[in-house]
Structure formats: structure tokens, C-alpha cells
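Next come two complexes built around subunit A: one with subunit B, the other with subunit C.
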Partner chain A sequence: MREHVLILRILNAKKRLMSFIETTGSFAMQRATSFAQMISFAAAVFYRLFMLGTYNSATRTVLVNQIYFTSIQILPAFLAVSVLFGSVLIGIVFQLLKNLGLTDLFGNVLMGLIVTELSPLFTVLLITLRSGAAINTEMAAMKVNQEIKTLETFRIDVINYLLAPRVVNGIISVVLLSFLFSIVLMGSGILFSRVIFGISADVYVNILLNSTNFSDIVIALVKCAVFGFFITFIPIYFGLRATHELTSIPIVVSRGMVSVFAAILIIEVLSLLTKLM
Partner chain B sequence: MSREYKVGIFVICAAALVLLALLFLAVEKGLFSTSHTYTLSSRTGDGFAVGMPVVFSGFDIGRVHSLELDDRGIVLIKIRIPDKHVKWIKEDSFFVLYRPLIGAARIVVNTNNLESPPMPEKKVAEVFVVNDINDAIEKIQPLLETIERLSRRIDGMAAKADEQVFGKEGTLPQINKILKDVAGKLEKLETTVDNLNKISKDASEGTQDLGALRADIDEVTQTLNKVSRDINALLYKKKDTEIKLP
Partner chain C sequence: MTFFDTEEKLSRAVQKFLRVNPRNAAPVCEDIPLLSNQEAWLNIALIKQYHENMSAQASRKLVFNWLKRLGLESVADKRNLALGDKERFLVKLLRSAMVQNAAILINRPFNMVPQLKNIDPILQALKTIDDLYSSCHIYDYDWMEQKYGALCR
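For the complex of A and B:
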């Protein structure tokens, strides 16, 4: 009798183990398929960005509006935050370097860490919080209201009309705003290097030039462009996955934003690896 | 001002700023200028790397372009110097590979006489190595040896002191023995002091008895004086004194 119970228990455990493995496998396959679909869609959108036919008058109007909402409207606040945050950051870093006796390395730290790493990250986080979330919600709402279906009914290309201008706007905005942030940081650097290290603007510029690698700047610009692409593409992709129920909006928005943050981290790590190679 | 106009201004200005900065960087880095290649030599390739900066008076003036090993096993280091910095490389210039404790290694160009003729590109100059890490280790080595010697000596002294203090014939057992003797003697002294106290007490009591005895004796003496006077009164006619009291 006890042997029968034992055998039954073993069979149950085996069944549960099989079920667990199946669930895990199914989940992994689902994720992999979803990721592959997203990459494939991203490739299609990326390809479309280089097609001249994509940019008709409607697309251009949407692009101008998107750049206006993402970059121009935010510009005064962005510059104010850049001056405040950048100055404090530069001041702290320079003081720390002086205390550690690493004054010689301040050019490398400023260019290698703050300008090429922190400023794109800061910019992309700011734009993601402001515009990424807005795009995600806008797309989800359009899907719920069946506006996407209406556009398709009128044979309006959704990629050309909705995706291309937003993605191009993401690329342009992140690259330009990140560059402006770097300029503000370097401007603060002139002031703080004079106050903390007592060096003149000429010497400061020379030190910066000595510490700058052309390849690092190119990598930083490419990274900004990649950031810009994904922080607009991912929210659109997840927004378009909303169902026709209003309750699906918060679900796709939260999924989209989490995915955007994951993408930011992955791109950051990849750029660091590129620098190491 | 229309929205299109604002966007246009922003995009054009920011893009121009980016392009100008990149152009400035490219020009300053000598991307568009022609350059001269000099060959340096070293017995070892340790510390050298392609892309390593060549520095004059703390400023980058060029880069290591390539590293080669010749037939004699000598490492040849080819450095590229842009036209505008060639003026710092002279006939009497000497090259030092500087490997600081913190920071990247670099080749430092030292030119004593800037008026001397330019260094020919065919000349192969030797690179001297200044290594902060090895220098630091070399400087610390004698200090470490002294510390080790001192440590050994202190160990020996400690062992000797142990033997002298805690050994069989050491100071501590002798002190213990003396202390035991002193303790025994103190015990005996205590008994003696007790006896002395007792004797003192007895003597004090005896002194009180002696006082009473003295009073008795005084009284007897007075009585005897009186008796003597009485006898003298009875015998006043006699010339010589019959009885004389002390």
C-alpha cells in the first residue's frame, strides 16, 4: 500500500516538473517570438526611414509637430535643468578629483564619463519620461478608438504617417539635446576649472582636446541616435498592441515604458563594450 | 513666429553646432593635416601600444601609429606627428616612455634646444623607459629589507627577554621566591607585633600597679618619719642621733 502511495507521489512530482518545464519553455518561446517580431518590425521601420517616398507632406507636418513638442517646448526647461544639474555635477566631480589628487585626469573624466556617457543618458531619460510615455499612450488610445483601422481603411500607411516622423523626431531630438547638454557641461567646466584648479580657458580647451578621442564622440552620437530610435519605437510598438478595451491602455503603457528602460540599459552596455573593444 | 519656423531654426542651429564642433575637433586632432612618421626603438615592447599619445610639455602632439619587431629583436615604434607639431621634434630630442602609477602610459618628447635642426625621419632614436611602478618598488625595496631585519632583531630580543624574565633562572621566578620569603617573614612579624602589643598592654597595667605601690610606700615613709620624730622627741637630750632615716 505504502509503495503505491510512493509511486503515485513520484508520478505527481514528475507531472508537476514536466508542467513547470513546459510553462517555462512556452514563456521563453513566447518572449523570444515577441522579441523577434519587435526587432523585425524595427528593421522594417528603420529601412523605411531611408526611403524618400516616406516623407510626404503629411509626414513632414507630423515630423515638425513632433520636433516642436519634444524639443522646442522642452528647451527652456531642459537648458535650465542642464545648467543646474551640469554645474553641480561638474563642481562635485572636479572637487572630488582635486581631493583625490587626480587633477591630471579631469579632462579624461569630463570627456570620457560626463560628456560621452552621462549627458546622453540624462537626455534620453528626460525625453523618455516626457515624450516616450506620451507617444505610448497616444498610440494605445488611437488603437482603442480604432483610429489605426480608419487610417488603414483610407490606405494611409501607418508606418509612414505614425512611426517614421516620431522615430525621426526621437533621433534628431536626442542627438541635438544631448549635444546641447554636453555644451552646457563643458561651459560649466570652464568656470569650475578656473575656480577649483585655477586654470585658464585656453589650457582648459587644450586639456579637453587632449582627452577627446574622435571615435568616442562618434560612438556617443551614434548611441544618441540609437537611443532616439528605440525610445520612440518601443512605445509606439507597445501602444499598437493595445486591444479595443480602455483597460488595455495602462497595461501596454507600463509594458512599453519598462521595455524602453531595459532598451536604454542594453544600449548603454553595448556602447561601453564597443568602447572597450 | 510659426511652429515650422521655430523647428527649422532649432534644427539648423543645433545641427550646425554639432557639425562645427566635430569639424573643430577633427581639425585640432589633425585629421585633415598631413603628418610625419618617425621611428623609435626599444629593447622591449612592454608598455607600448598602438594609439598611445606622444606628449611634448604635457600636450598631445601625436600618436603611436604601429609597432614592429625587426630582425635583431629590437622593437620599432612608429609615431605619427601632424605637420603643425613637427617643430618640437629636433635632432637632439630624446624620447621617454613614461608609465605613471595612475593614468595611461605615454611617450614624452624632451627637446633641450629648440634651435637645433629638425630630426630626420630616417633617424631611429631610442626610447628610455621611466616606470613609476618599478621606481616605486625599487625605492621601497631597501626599506622593506630594513623593516624585515628590524623585525628579525625584535623577534630575537623578545625571545631573549622572554628567557630572562620568564625562564627557570629568570627574573620573574626569583621575584616570586623573594615575595614568598617576604610573605613568610611578614607572617612571623605579625605574630611578634601581636606579642609586643600584649607586652605593652601588660606593662601599661603594671605601671598602674606601681603607682599604687608607690603611694603605699610614700604612706609608710610618712608614718616612719612621724615615728622617727616621736622617738627623737623622746630622746632630745641625747647628742648623737640614734636613728637616721633614709
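For the complex of A and C:
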């Protein structure tokens, strides 16, 4: 009798273990398939960016509007935050370097860490918060309202008309705004280097130029472009996965934004790894 | 004008129409809405801008001329939700007419403009823009025949 109960318990445990493995496997497969689909769609969009046929009067109009919404409308707030945050940050970093007796390293810290690492990250976070969320919601609302069906009915390619201009805008905006943030930081640097280290603008510029590493600039530019691609592509991809129900909008927006932040972290870590190598 | 006795038959006919005219089908339906993030004139101009690469200025001029002919210049800068039923229908009609050699299909017009008493205003609008399309078909249910008056006798 005891043996019988023991066998039954073992069978039950085995069944539960099998069920757990099946659920985990199915979940992992689902995630892997979904990730593979997203990457293959991203590759298709990336390929289209280089096709001349993608760009016509309609896509150019969308591109100009998107650049206005993303880069121009944000300018006053972006500049204010950059001046405020950038100046305080530069002030703190310079003071810290002086206290640690690392004054001669301030050029390397400014160019290698703050300009090439921090400014793309800061810019991409601001643009994601403002435009990424807006694009995600816009796409989801278009899907719910059947506006995507309208485009398909009139033989307007969704990738060409909706994705390409927004993704190109993302790349242009992140690169330009990141450059602007770096300029503001370096501008603040002139002021703080005079106050803290007592060096003139000429010497400051010389130190910066000597500390500039061409490969760092290239990595920073590529990183900005990759950031720009994914912070617009992922919100559109998730937005287009909305169903025809209004309640699907918050679901796809939250999934999209979480994925965008995950992508930002992954890109940032990969870029830091390339610096370590 | 074609009438159907069931929703299924009508829906099949619409699908067949879209299949038969893959390059120039231009449906005016309730479930093919205007783009809500674009003004009325941009919704119409989009077809010319996308398919014929017409510049934004040229397409704007063209669309405003057509809207003027339909007496709709005042709605050009309005968006979908700000339009009345009849205005929305006419903007959709004009958008469809922008397709090259357009084969317009108006699916249940009285569904889109419920306050219409008969088909005359729609026929009048079609007549105003008759140089823009190559054919026009209207699909509706049997029980709406009376609204089409003498046309179906």
C-alpha cells in the first residue's frame, strides 16, 4: 500500500515537473519567435531606408513634420534641461577631479565619458519619453481606427509611409540633439574650467582637441544612429500590434515602452563593451 | 447601382470588386476612414503625393480647386472628427477620385450619411467630379431601394 502511494506521488511530481518544463519552454519559444519576428521586420525596414523608391512627396512631407515634432518643438525644453543639467554635471565632475588631484585628466573624462557616452544616453532618454511614447500611441490608435486598412486599400505601403520617415527622423534627431547637448556641455566646460582650474578658453580647447579620439566619435555617432533607429522602430512595431479594441492601446504602449528601454540599455552596454575591448 | 439581400453577399461583392480592380479600386466605405492625424486636404492629396510623387504645393492647389468645386473649401484644414457626415463622405469621395483611372465603389452611402433623404446629393457630387474617375458603382441593400428613387426603376 505504502509503495503504491509513493509511486503515485512520484508520478504526480513527474507530471508537475513536465508541465513546468512545457510551460517554460512554450513561453521561451513564444518570446524567441516574437523577438525573431521583430528583428526580421527591423531588417526589412533598415533595407527600405536605402531604397530610393521609398522616398516620394508623401514620405518627405511626413519626414519634415516628424523632424519638426521631434527636434524643433522640443528645442526650448531640451536646451533648458541641457544647460541646467549639463552645467551642474560639468561643475561637479571638474570639482571632483580637482579634489582627487586628477586635473590633467579632465579632457579625457569630458570627451571620453561625458560627450561620447552621457550625451547620447541623455538625449535618447528625453526623445524616448517625449516622441517614442507619442509614436507608439499614434500607431496603436491608427490600428484601432482601421486607418492602417485605409493605407492598404489605397495601395500605400505601410513601411514606406509610416515607418521609413519616422525611423529616419529618429536617427537624424538623436544625432543632432546629442551633438547639441555635447556643445552645451563643452560650452559650460569653458566657464567651469576657468572658475575651478583657472585655465583660459584657448588652453581648454587645446586640451579637448588633444583628448579627442576619432574612434570614440565614430562609436558615439553609430550609437546615436542605432539609438535613433530603435527608439522609433520599436514603438511603431508594438503600436501596429494593437487589435481593433480600444483596450489594446495601453497594453501595446506599455509593452513598446518597456521594450524601448530594454533596447536602450542593451545598446548602451554593447557600446561600453566596445570601449573596453 | 447593385443591391444585395444579405450582408454576406454584399461583403463578397466588395471583396470581388477590390480583386478585379487591383490597381484602381477606390472604395468609399464606412470602414475605410480618413487618417485622423491629417487634415482633410492632406487625406485627399496623399494619393497624388504617394502614387504620382506630386509635390505638396501642387497637390494642395489641386485639392483646394476640387474642394472649391464641391463647395467644401472651408473644411480643407479640418480633421476627421471635426467634419460633419456629409462633409466626411465628400472628402472620402474626393480622396477616392484622386486614384488614377479610379473605379469608385460607394458602399452603402446612406450608412455614411444617414440624414440623406435620397441619393440625389451624392449623384450631384459625382456629376461635379465626373472628369476625375473612370467608373462609379454603388452597392447597397435591397431594402434601401426606395431611397434611390427613379434610378432603380
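Remarks
Assume the second predicted complex is superposed on the first by the 277 of 277 C-alpha atoms of A that agree within 3 Å, B and C clash if a C-alpha of one lies under 4 Å from a C-alpha of the other, contacts with A are read in each partner's own complex, and residues count from 1 in each chain.
The working rule: contacts are C-beta pairs under 8 Å (C-beta built on N, C-alpha and C of every residue); 3 or more make two chains touch, one makes a residue touch a chain.
Everything quoted here is computed from the prediction, not taken from an experiment.
Three-chain overlay on subunit A, with subunit B and subunit C fitting side by side and no clash. In the superposed model, A:39 lies in contact with neither subunit B nor subunit C. Of the two partner chains, neither subunit B nor subunit C is touched by A:8. Within the superposed three-chain model, A:161 lies in touch with subunit C and out of touch with subunit B [touch as defined at top]. When the two complexes are overlaid on their common chain A, residue A:68 makes contact with subunit B while staying clear of subunit C. In the superposed model, A:183 lies in contact with subunit B only, and not with subunit C.
After superposing the two complexes on their shared chain, the closest approach between C-alpha atoms of subunit B and subunit C is 11 Å.
Comparing the two interfaces of subunit A, the one with subunit B and the one with subunit C have no residue in common. On the subunit B side of its complex with subunit A, the touching residues are 3-4, 6-7, 10-11, 14-15, 17-18, 21-22, 25-26, 28-29, 31, 53, 59-60, 102-103. Residues 18, 23, 25-27, 31-37, 42, 46-47, 49-51, 53-56, 59, 95, 99 of subunit C touch subunit A in their complex.
Those residues of subunit A that touch subunit B in the complex are listed here as 64-65, 67-68, 71-72, 75, 102, 104-105, 172, 175-176, 179-180, 183, 206, 209-210, 212, 214, 217, 221. The part of subunit A that touches subunit C in the complex is made up of residues 56-61, 138, 141-142, 145-147, 149-151, 153-156, 161.
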